[in-house]
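The chains carry the letters A, B, C, D, E and F, assigned in the order they are written, with residues numbered from 1 in each.
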Amino acid sequence: MAVAPILSDKAAGAEALAVFDDIRAKRNTDYVNNFWRALAADPVLLRATWERLQVVMGPGHLDPLVKEMIYVAVSVTNNCSYCIHSHTAAARAKGMTDAQHGELMAVIAMAAQTNALATALQVPVDDRFMVSAQAPDAAPA
Amino acid sequence: MAVAPILSDKAAGAEALAVFDDIRAKRNTDYVNNFWRALAADPVLLRATWERLQVVMGPGHLDPLVKEMIYVAVSVTNNCSYCIHSHTAAARAKGMTDAQHGELMAVIAMAAQTNALATALQVPVDDRFMVSAQAPDAAPA
Amino acid sequence: MAVAPILSDKAAGAEALAVFDDIRAKRNTDYVNNFWRALAADPVLLRATWERLQVVMGPGHLDPLVKEMIYVAVSVTNNCSYCIHSHTAAARAKGMTDAQHGELMAVIAMAAQTNALATALQVPVDDRFMVSAQAPDAAPA
Amino acid sequence: MAVAPILSDKAAGAEALAVFDDIRAKRNTDYVNNFWRALAADPVLLRATWERLQVVMGPGHLDPLVKEMIYVAVSVTNNCSYCIHSHTAAARAKGMTDAQHGELMAVIAMAAQTNALATALQVPVDDRFMVSAQAPDAAPA
Amino acid sequence: MAVAPILSDKAAGAEALAVFDDIRAKRNTDYVNNFWRALAADPVLLRATWERLQVVMGPGHLDPLVKEMIYVAVSVTNNCSYCIHSHTAAARAKGMTDAQHGELMAVIAMAAQTNALATALQVPVDDRFMVSAQAPDAAPA
Amino acid sequence: MAVAPILSDKAAGAEALAVFDDIRAKRNTDYVNNFWRALAADPVLLRATWERLQVVMGPGHLDPLVKEMIYVAVSVTNNCSYCIHSHTAAARAKGMTDAQHGELMAVIAMAAQTNALATALQVPVDDRFMVSAQAPDAAPA
């Protein structure tokens, strides 16, 4: 059930191994999960993905658990089985309770339902929900 | 750009109008947005959707703003233009800052990207991310 | 391959068990399928989903088999493996023949194909396919 | 809002025009809708699509209106605005009542909702919903 | 994990077997893959799909390997596990190198990411990207 | 039809303007399209997206036009109207002929169709299409 090998430390090249080591150090664990091992065949893509992930999921204006729940919501809607598993686990590791998981499920299901209805009926967007695309002082230079 | 009429108060039937009035009362506004007016042709579906929405988005274990951002994330991934507009507006009304919106965008884009990679490579799920489907004491009765 | 336990009758709480019993009674079978057992960790979500499902799939203006085939079409397009399996089985239980299944496949595949073409070419909607969003007598009150 | 021209009869080539004429004859109308006019730049693709559509949507084991509603269900889930408009109009032309449209909406929304839940929880498929992939007598030759 | 049997040569009917034989002859192999065996229950759908596939993927204006990579890109985005596996294998058989596969992954991931951003922000299309829907000389006849 | 303003040069901050200038220089044009102007409210996201795009779409092992066509294929499947318009225009600017565009359409539509069929039938992946997830010498260190 894979289209690329899941590279062990031994099978990975030096550049990929350096990323594995960085993952271990930053996450304070010896375990490097399959996603990174599958990307290791292309060390440039591996590094770019890992570095961007740290920036996006790092400290900022949203709580780390909130970010994980948003990640789960996108992964469910995109139907990415791997990502649903890994980010639900990550959300739990960051403190998501069963009750919060239940509400996350309920919001995702509600949105899926009203998304379908609004699309099926092709409801026109209310003027008040739109940002005027260009402020008067914002004509392209 | 619609496949069903957007019913005015005058055009809506008594059952639909009762839901409109409940929306006005609960949201403390005179404005009933197009989504509800498009559903008004089927008052039973209208009421069921409105009542469930209140339960799901009401007070609970997740912050109301967090629920709105999860709603936006699903709506973006489902590509529901109406819902992206209405729930981004709702998130702003609940206090989402520009910086938070920027991070929401970044998490959604990051998830879209790694979802695509995990799917493209068909990465097998790590054992540690799975919940054993059935606890020893949980054999179906 | 799960992110939540599939609760046995023994592991389920009293509220969830009451829903299981209702499923058994209404469906006239002892078997409660995994979908409901996975939802049982959140008995409120479990009940809301089960009750709404009965209303939607119950007697009405569309034939029960037609409803199941529509359910399959949505599940295929959303790529929900569980739902494709369960609702294809349900459609067969409601009398779907092999020939009807073949036509269902053909219509789903045809729609997928023309959906892709219309989207790829961004074909503008013909005026005659649109419902005027608002009837003259339907200006919002 | 197009990435290809919508060809008039005059702008279309002879091969495309022959397909337009066949559409007019089979549908007993002078009107050729934009989808076909957008495909007319590639007459081979135009003809292949039109001929396959007639086979799939023609008389068979499912009622023509049922086929249109399945088409709408797929188009909604794929979020194809053009197709939602054209096939909802086609379903109405084939006799879909407002009550049937309401139920179609409700089934689509219900499926979207349970699809999301089954995917979010990664519910394993019950054995009884699977067809054994290969019958004992069906080992590949 | 199937909703239809995977028919062996013995279990397939004469019409399906004729298509299997054509697949073997055209592909110069004895192996008929599961996709065709799953379609064999509906020989008309089987033949229509096989014949159209040959036209679309046959010699033309795009390189056969390019066509396979486009096929993979669509299959990934549609999350079709079967198709990702079969068309990645086909692309490799047509000469796709590891470096090309890496770039294919990167482009798919980049597109997924910017698709999400453009959708999330509902960016209006620049005039210069649109083809005027109708040339002056192209008014419908 | 936007949820964020499309910033003019005047309205954009210094960091965003620096990215606009880089876009102008690299693309050898004065025109900065709406996608970048919509991202300009978050200059960090703007720069990260622009820099990654250059790496991914720059010279490598796939032809630039091939990359654009893959981008179009993903954008169509994700139904991103903005991206379909902008990348179809980009593909044309890189030399895509009408005949190549027609074949791109045909491959996308074919893939959409067989994706739907493989998913609808839940066809199990043939062993020969799978890469053994782990080579004998590749046990995790």
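Note that in this section contacts are C-beta pairs under 8 Å (C-beta built on N, C-alpha and C of every residue); 3 or more make two chains touch, one makes a residue touch a chain.
The structure displayed is predicted, hence computed values, not measured ones.
Novice: Which chains are in contact with both chain C and chain E?
Specialist: Per touch definition, common to chain C and chain E: A, B, D, F.
Novice: When contacts are scored as defined above, which chain pair ends up with more C-beta pairs, A-E or B-C?
Specialist: Between the chain pairs A-E and B-C, B-C carries more contacts.
Novice: Which chain lies the greatest distance away from chain C when centres are computed from Cα atoms alone?
Specialist: F
Novice: Give a one-word verdict, same or different, on whether chain E and chain F use largely identical residue numbers at their interface, taking over half shared as same.
Specialist: same
Novice: Over half of the contact pairs shared by residue number: find the pair among B-F, C-F or C-E that meets that against A-D.
Specialist: Within B-F, C-F or C-E, the interface duplicating A-D belongs to C-F.
Novice: Could you state the distance in Å from the CA-based centre of chain B to that of chain E?
Specialist: The separation of the two C-alpha centroids amounts to 32 Å.
Novice: What whole-Å value do you get for the distance between chain D and chain F if each is reduced to the mean of its CA atoms?
Specialist: 27
Novice: How many angstrom lie between the centres of chain C and chain D, each centre taken as the mean Cα position?
Specialist: 18
Novice: I need the residues of chain A touching at least two other chains; which ones are they?
Specialist: 1-4, 6, 45, 49, 52, 74, 76-81, 84-85, 88-89, 102, 104-106, 108-117, 119-122, 124-125, 129-130, 133, in rising order.
Novice: Given the complex with chain D, which residues does chain C contribute to the contact?
Specialist: Going through chain C, the ones touching chain D are 1-4, 6, 31, 33-35, 38-39, 45, 49, 52-53, 56-57, 60-62, 66-67, 69-71, 73-78, 80-83, 85-89, 97, 99-100, 102-104, 106-126, 128-130.
Novice: Would you mind writing out the residues of chain C in touch with chain A in their complex?
Specialist: Chain C residues touching chain A: 1, 3-4, 41-42, 44-45, 49, 74, 78-80, 133.
Novice: Can you check the complex and tell me which residues of chain B touch chain E?
Specialist: 72, 76-77, 79, 81, 84-85, 104-105, 108-117, 119-122
Novice: Flag every residue of chain F that touches chain D in the complex, lowest number first.
Specialist: 79, 81, 84-85, 88-89, 98, 101-102, 105-106, 109, 116, 124
Novice: Over in the complex, which chain E residues touch chain D? Could you list them?
Specialist: 1-11, 32, 37, 48, 52, 55, 125, 129-135, 137-141
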